[in-house]
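Read from first to last, the chains carry the letters A, B and C; within each, the first residue is number 1.
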Amino acid sequence: MTTFALLLITGLGLGALYFLIAAGLSLIWGLMRVLNFAHGAFFTVAAYAGWSVARALGGQSPGVQWIAAVAVAIVVGGVFAALTEVVLIRPLYARHVGQVLVTVGLALATIALVQGGFGSDPQRLALPDWMTRTTSVVGANIPNTRLLVIVAALIVFGLLLFFLRRTRFGLIVRAGVENRAMVQALGIDVQRAFTLVFAIGGMAAGLAGMLAGTYYGTIDPGRGTGMLIFAFIVVIIGGLGSVTGSAAAAVVVGELQQFLNFYGATGVGDFSVVLLLAVVLLIRPGGFAGASTA
Amino acid sequence: MNGAGPLLAVRELDVYLAESHVLQGVSFDVRRGGITGLLGRNGVGKTTALRGILGLVPRTGSVLLGGDETINLPTHEIVRRGVAYVPEDRDVFAGLTVAENLRLAERAPAPRYELVYELFPELKQRAAQKGGTLSGGQQQMVALARALLNPDDRILLIDEPTKGLAPLVVRHVVDALRRAADVATILLVEQNLSVAHALVREVIVLDQGRVSFTGEVDELMGDAALARKHLGLAAAGSH
Amino acid sequence: MTRRTRLIALGVVLALCIALPWIGIAIPGLFEGALNAPGTLNLLGLCFVFGALALTYDLVFGYVGLLSFGHALYFATGVYVTAIALTRWHWSLPQALALTAVVSVVLPLALGAICLRMRDIPFAMVTLAFAQAGSILVSQNPFGLTGGEEGLALGSDTLPPALVGVANTHNVYWIALALLLVVYAIAWRAVNSPPGRVWQAIRENERRVGVLGLNPYLYKLGAFVLSAFLASATGVVYLLLQGGANPQVTTADFTLALLVMVVLGGVGTLWGAVLGGIVYEYLDFRLVALSNTPAVQSLPGVLRVPLSEPLFLLGVLFIVLVLFVPGGLGGALERRFKPVRAALGSSAARA
């Protein structure tokens, strides 16, 4: 029972990380029809920026270092994403395949740069004491980092829903995901929302990068790309353009991966997630929240 | 601002969709005030003409709105200059509520909710209902309401508003359009010829992507041979 | 330049390539050793392999318009199935090749049948997912077959003597050259055949193809299987050149590198893709060598780091190309050498 609870909650933690990456991806795809391969680069660059700042603040307590690192990661992620949209995506507004390709190039170049500058070995992340401890939940000892990640994802989920349901930009994004042309025909310049959506996605990805570093205790250049593929799967299963869909799918994927990797062998869980994607797409090409996809 | 000339002047409008030359050098004027009809058989390019004016499809030529050239402007810019659009498929946002659909359409500081709710009281009742759950007639009301919301709009481009609606709803829409004509110029695409005849004064008829007739509606409908020639057999005998 | 001049020039280049193992001249800066040195021949062989591989990718992506993110899987099939048969089961080379050929038809047929039920982005994602599954499978080293992270090394007793050893590099080099020519010929024939024209029609407007009474699904599947089969063949030659299998070829990064190659060379032209593959592999190799030179090593970190990472330079080049030269190198050159296209007979329009 305690193993079950442990797997359940850590699976939720993994799902939380996927959600943070997938939510932004889903909105970017839903609104702009851009398959953003650079999302993994946002994740990685933000994580390394945060880590560098934490190191630079070596004299402070690990708590201060960590908070500064997270704040920097969020900002760097957002700025990097916004710049990407303005400099690379916007000039290619009519060429959807070109937009995807340019994000591929950016991802390749950025990760290579990070690897060159910091090396491909994982770097340790200094964590405050309480994060290295565990809390007893239903008899199982859950690492506090997992709980932290879950709480963070819930907060971001709430913020995103608030943004989408209660602000004008959110209204524009929701409508734009459904029918971009009609939004334009209502006199609204949807392009202005693009940079904002990219920035939001970048901030979430940056936070994810830092939290993943917290979760695993280290940061490394390859993790962004690895998690990105699973995040893509989450986006497709959850329905392109749907934040709630991404949340639900992230939980499913995280749990599936966690349980099967434990009860099967390492890798079986990952494999099954891929199979799940194939099955879902065969049954329902639009994913779960089919209504949002056009 | 050209007070005396036509509100909308379309000159040599050319639109290619895939490989087909849908509009071939279409030219017409829409006079300020009242309802002008854009008629023609199925597939002649009426919807494309509206979309061309709005820049929703790539086009060449000239479209003057109140004397100002708009051919090089993006869609949202054209709309902001006072053009409202009611598309053939209504394009009501399914995931948004009725109130949100309307709110999204607000462009001016004092949106005309009073007028809109007076014409379509049902919309006030269904304010929290999701667009996707509305009936065809209710969606049409939302689409029309959106177009009537902004007081500064000079011209409304309306595409087949009575399509697929029950006769009672059609009557409601016709009344609404009459009221709308009091506050804005309307360019109305209609397949339903009795509706067209009841509402419009001047008509432009398209045939195979070109303008085949312009003039008064009575002139067209009153002459059975003329009506048949431009509008097809269904036209003859519809008054 | 007339068509005839172009054909003669190509013939000369081809003759040069064939004769290379006998040419002892060194071109410093371009290659580290003499032209017929094993190192140079090996590099050129790899370039030919990647040229051919890029070509197979161009078939699905450039001609049919299928954005597949999992092409690496089929290349890896050629590499790994052959390697496993040779090293783990001690089969002879012909036997191993036969097995690989069978797998290289059955696998894409099965996977393609599933993937092609979707279009555009969902299709791309499923292909990526399947390739990722393959990558995971390989790294898990099931039954000790794939060698996991370490890969598989071809021992000297697994291959015919003519293909083993540094001294025989020129043999493998010729095989790579032959591969490129054969793959090109097959691709050219396919693209200019009636099914080939249907592929391009599908890329332009799939619905209309359906309206004409043809089943796009079958044509797409056919292209998919053909390109996968050819990719697998290039994988086999790659294995010979490298002397072993490495899990790096199963990664998503690898497929993305293919994407870069094809865009680099020009989507939708056969020779453009070949050019892209050759240039990419050459740059990838040489840039690493360049970054180890004292000149670059002595640069300040800010410059040295980017210049030492070939993927960074290639990524940037890729971005620049997509933004400013969408036709790729092939497109840029084509504008100046239009007759080459006619000479090589590529009949595709720009993507």
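Here is the rule we go by: contacts are C-beta pairs under 8 Å (C-beta built on N, C-alpha and C of every residue); 3 or more make two chains touch, one makes a residue touch a chain.
None of the values given here were measured: they were computed from a predicted structure.
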Margin query: Quick check: more C-beta contact pairs at A-C or at A-B?
Written below: A-C
Note to self: Can you tell me which chain lies farthest from chain B, using the average of the Cα atoms as each chain's centre?
What the structure shows: C
Next item on the list: Find the most central chain, measuring centrality by the gap between its CA centroid and the centroid of all protein CA atoms shown.
Entry: A
Next item on the list: Could you put a whole-Å number on the gap between the CA centroids of chain B and chain C?
Entry: 54
Notebook entry, point to check: Per the centroid of Cα atoms for each chain, what is the distance between chain A and chain C, given in Å?
Noted result: 32
Note to self: What's the distance between the Cα centroids of chain A and chain B, rounded to whole Å?
What the structure shows: 44
Check: Of all residues in chain A, which touch chain C in the complex?
Finding: 29, 35, 37, 88, 91-92, 95, 97-98, 100-102, 104-113, 115-117, 225, 229, 232-233, 236, 240, 265-267, 270-271, 274-275, 277-278, 281-282, 285
Notebook entry, point to check: Given the complex with chain B, which residues does chain A contribute to the contact?
Noted result: 171-172, 174-175, 178-179, 181-190, 291-292
Check: Any idea which chain B residues touch chain A in the complex?
Finding: 54, 56, 74-76, 79-80, 85, 87, 91, 93-96, 100, 103-105, 107, 132, 146
Checklist line | Residue ranges of chain C in contact with chain A within the complex | finding: 67, 114, 117-119, 121-122, 124-126, 128-130, 132-133, 136-137, 139-140, 252-253, 256-257, 259-260, 263, 301, 305-306, 308-316, 318-319, 322-323, 326, 351
